[in-house]
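What follows is one structure encoded as structure tokens, with my remarks underneath.
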Amino acid sequence: MQWASLSEFFAMGGYGFYVWGSFGVCAATMVAEPLLVRHRQKMAIRAIRQSQDL
Amino acid sequence: MMLLSAYVAALRRDLLLVMRRKTEVLTALFFFVIVTTLLPLGIGPEPDLLRKIAPGAMWIAALLATLLGLQRLFAADHADGTLEQMALSPEPLSILVAGKITAHWLVCGLPLVLLAPVIGLQFDLPTDAIGVLMLSLLIGTPLLSLLGAIGAALTLGARGSALLVSLLVLPLYVPTLIFGAGAVESHIAGLGAAGHLYLLSALLVLAAAFAPWATTAALRISLE
Amino acid sequence: MMLLSAYVAALRRDLLLVMRRKTEVLTALFFFVIVTTLLPLGIGPEPDLLRKIAPGAMWIAALLATLLGLQRLFAADHADGTLEQMALSPEPLSILVAGKITAHWLVCGLPLVLLAPVIGLQFDLPTDAIGVLMLSLLIGTPLLSLLGAIGAALTLGARGSALLVSLLVLPLYVPTLIFGAGAVESHIAGLGAAGHLYLLSALLVLAAAFAPWATTAALRISLE
Amino acid sequence: MTAATQTPMLAARNLSCVRGTQTLFTDLSLQLDAGQWLYLQGENGAGKTSLLRILAGLALPAAGSVHWQAQPISNQRSEYHADMLYLGHHASLKEDLTLTENLRSLIAMDGLKVSDAAIQDALTRMGLAKRQHLPARVLSAGQKRRGLLVRLLLRPAKLWLLDEPFNALDANAIVDLQECLKAHLKDGGMIVLTSHQTPDLGSDTAGFVLSLSRGRA
Amino acid sequence: MTAATQTPMLAARNLSCVRGTQTLFTDLSLQLDAGQWLYLQGENGAGKTSLLRILAGLALPAAGSVHWQAQPISNQRSEYHADMLYLGHHASLKEDLTLTENLRSLIAMDGLKVSDAAIQDALTRMGLAKRQHLPARVLSAGQKRRGLLVRLLLRPAKLWLLDEPFNALDANAIVDLQECLKAHLKDGGMIVLTSHQTPDLGSDTAGFVLSLSRGRA
Amino acid sequence: MINWFKFSAPSTFYPLAGKLIPIFWTLAALFAAVGLYIGFFVAPTDAQQGEGYRIIFIHVPASWMSMFIYCVMAFWALMGLTFQTRLSGMMSSALAPTGALFAFLSLWTGALWGKPMWGTWWVWDARLTSELILFFLYLGYMALHAAIDDPRRADRAGAVLSLVGVVNVPIIYFSVTWWNTLHQGASVSLTKSPSMASTMLWGMLLMALAFWAYTIAVALMRARSIMLEREGNTEWVKHLPDVKEAV
């Protein structure tokens, strides 16, 4: 374990902006993508139900 | 009021058409990106050289991106007969034309202005130069749309060809290019960009007043 | 023999169409000239700088000139139904497509090769570099036409936009651009252009074998 | 053609039309009043479309002039266009938009406002209710044509100039359209139309036939 | 439709066609032999054009297959295309070329050779003699249509697939075209055509009518 | 082969995919957890680059995935064109956005790495440029697919494009490399990291596995939505529990 404290961990030896900028965007997009796909699935199901009601 | 509503109607219709194509909104932008990507591939990756030619090259890319969108500005409407119907509208044709030109700028011009900083960073331009570049594009791209519309209308009846439009329009674009790219370059050279930007704005005012009118005249001729 | 006659028929028809428009023959050329003229206007007139970027810039101009002609390669035939008739010809569609691609090169590519020396002189390139430039364009421009045809065919059924073609085709153009411009630059750097030119020729052979076939597949899909 | 009124609503005086080396017609005069219709007849290439475009103000005649309410149409473009509706050979539909969107934008560009319910209603009358949300691109030839004709129901105009309105329509649609034309005439409208199928607008409407044949009118 | 021959010239088996969410027809079978013609009937949007394009091999059916001389057409594209001529809604003419040039290049691209005299002759028969040196762009709607039909006279093909061939034609041209169709049948040709005007190909030819209506064939 | 065709029918594939998706999500989470632990807590600080090098744990796997996914798309394209299976096109178009995402992440993390290491966000280096072009190829595929309405046609046109593109990828990769080596004038050069510690390698491999599982999970999810959108009017869709429940 090389991190003495949490703040040191977030500082990343001065590279915090770059490291967390990378990991953050990566995490954000990889959370957003499945959510978007799930939304798409819901819309598809709704469209099918609508066409059945007609 | 009436005039405004017809203007909005033409603008709205063209934006709706673009939205239908989904990707279309982004493609002017992609073209801009790709042309600027080709540049280092063509002339080599030396950062100093690239930084030097970046403002000019980005302006030329913006100009070509606008140009590519132009050919379809009226051609599609002409082919399917909607242009005929627009010419027969009780509203003045020039108002409808102004709406179409605005839509063209929103789709082909504005995105370039917004993307310019990213490309500027790739070419390692200083931050304040990027600001000037954005400003010059913001004034310059509507000018490109306005001038381009005249060319697009003129070549409509003339067994219109993509290349003919370019031939007519590019010479008209020369002053815009010179003042636009000049603004950035003279800023980098420490001479200040204000002069160039004022001239560019003056051209924009002039074009906004006359281009829709000239375009309308050209359209009526090609319809006959 | 039969195949050849259908090839010639497609080629002849497209050339005839271009002749009818008279100016069309010259416009690819003019576009090339104008883009290379805009360059000094955009990035300033320093001769050293210009000489350095000339080969790359001319290659990019050639590439864009080809691109502009591409959109209409099949679009016009598609709109008026002649493409349908070509697909229903007893002759293989790929032969007719090959004829059309050849015509495109004769109109949009060859003139550039012939004009290159003039532009090269304007940028003060050394004579032997101009020779290499012409040779690289001579091998490279047919490659551009071949690859471009695939993109043009693919975007046909797609709510076609000039810009979509560019998006598809420009990435495919990258190797051509690199070897083409690279040939001239490495010649100027004294490293010899042969390697680049061989690679370019290899790509040309590859593309000549596969591009008409891929284009035909794409056309059949768009027609459906 | 009627002597009753001194100033007919629509009047064309001594029109002539030259195309290339060919004179399609010369010295052609006509006039039309409220409730009357004119059927332009003639073989292929006789000049029917050319005449209609001149009447609409889209093309200029080689000689002569067109008057609307006693004024030359070139002096009152906006007023004339508000009173006139021209439907040509073209579909005039944006392929990417649905019929509803197409109609809405065409009407808005005319500076008018029509409620969505009215559009919906007109589409239903033309038998396009189920097709209204499809992009025009996928419609059949006849459906596109019907979509265009919906404008007749939606946009108020006294004078209708119709170029081969029956083209591509099936038998039912032709009957519907003829009813629609008759109703327009009853309301005091005017119609000029061309067609290769003789239109049947009933015997109680005042119809005229103008035969164009090569070189004579 | 005939029980006489075991292997009909043209046969379609269990075709179905789906457009978007809509099934235009399913399980449609038909066959046609030398000297026979088939008239596709149906309201606007019934699927006539879609069926013709499937028969021509331009579109793929969702299910089923089309056979020509007992072979699926997809296996013998070149042979089938040599025997078949499809004329669609489009003019298929290059606007910048004259009729003669248009026809010459279309025929050459089919790998055939026809003398200029033959082209000239065919144009004359279609009443286009005086128009042959004009660019197609300036021709009237009907003249363009006639120009397209000249291909029927010029290119030998057993099977004709014609989508609304009578559209935009004047009365004389319709009569001429019907004569031409009859002659083709007499020579042992086959015709599939759509139209909203019932074609009159005489009582001595073997004709069938296929009515397409929504969802059934 | 017969078996394969059975699974390639959407009606069998849909429920199967439904069962697989949670498995791959679990895998992705597990690999990511271990990979991140190694990346942040086990791997030592780099001698030259300090803590900044930790970007490698997403940069390299993302770069790998972006290239790998394009090849998989081309594989499905080939299958689709030769066997005319409906599933292939759906898989291809389901993969494209995820591939584009990884290409974007590779560019993004690379840029964020380049600023502290090279002093610039971007250089026109061979590898960077070819990754950028790969990103364009993805965008081109997606744009083309979106621009064609009929999904069957869109699939086949996309298939032709991805096959042409995949032929081009190695050409671009090598041509760009040669291009760069001829221009030694570039003022910036890649600082080579020291021979990789095995912990680093493990971290990267685990993260790559996590990305791989993530890709499969998301692509399957997207393929299921695409199936519903396209086959909305068929019987098997109408009887799906997903569609029926909670009406």
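When the chains are written out, they are named A, B, C, D, E and F in that same order, and each has its own residue count from 1.
In the analysis below, contacts are C-beta pairs under 8 Å (C-beta built on N, C-alpha and C of every residue); 3 or more make two chains touch, one makes a residue touch a chain.
All values reported here derive from a predicted model rather than from experimental measurement.
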| item | value |
| --- | --- |
| Interface numbering overlap (same over half, different under half) for chain D and chain E | same |
| Chain whose average C-alpha position is farthest from chain C's own | D |
| Highest C-beta pair count, chain pair | B-C |
| Chain C-chain E separation of Cα centroids, rounded to whole Å | 37 |
| Whole-Å gap between the CA centroids of chain A and chain C | 43 |
| Centre-to-centre distance between chain F and chain D (centres being mean Cα positions), rounded to whole Å | 56 |
| Geometric centre distance via CA averages, chain F-chain C, whole Å | 32 |
| Residue numbers of chain D (touch at least two other chains) | 89, 95-96, 135, 138 |
| Touching two or more other chains - residues of chain C | 20-21, 159, 161, 164, 167, 170-171, 174, 178, 185, 224 |
| Residue numbers of chain A (touch at least two other chains) | 51 |
| In the complex with chain A, residue positions of chain F that touch it | 40-41, 44-45, 50-52, 54-55, 58-59, 62, 97-98, 101, 104-105, 108-109, 112-113, 115-116, 214, 217-218, 221-222, 224-225, 228-229, 232-233, 237-238, 242-243, 247 |
| Contacting residues of chain F [partner chain B, same complex] | 120-125, 129, 132-133, 136, 139, 142-143, 146-147, 176, 179-180, 183, 185-188 |
| Residues of chain D defined as touching chain B within the complex | 56-60, 78-79, 81-82, 84, 86, 88-97, 101, 105-106, 108-111, 113, 135 |
| Footprint of chain B on chain C - complex, ascending | 20-21, 23-24, 27-28, 30-31, 34-35, 38-39, 41-44, 49, 52-53, 55-57, 59-60, 63-64, 68-69, 71-72, 79, 159, 161-164, 166-167, 170-171, 173-174, 177-178, 181, 185 |
| In the complex, chain C residues that touch chain E | 2, 5-6, 8-10, 12-13, 16-17, 20-21, 76, 80-82, 84-92, 96, 223-224 |
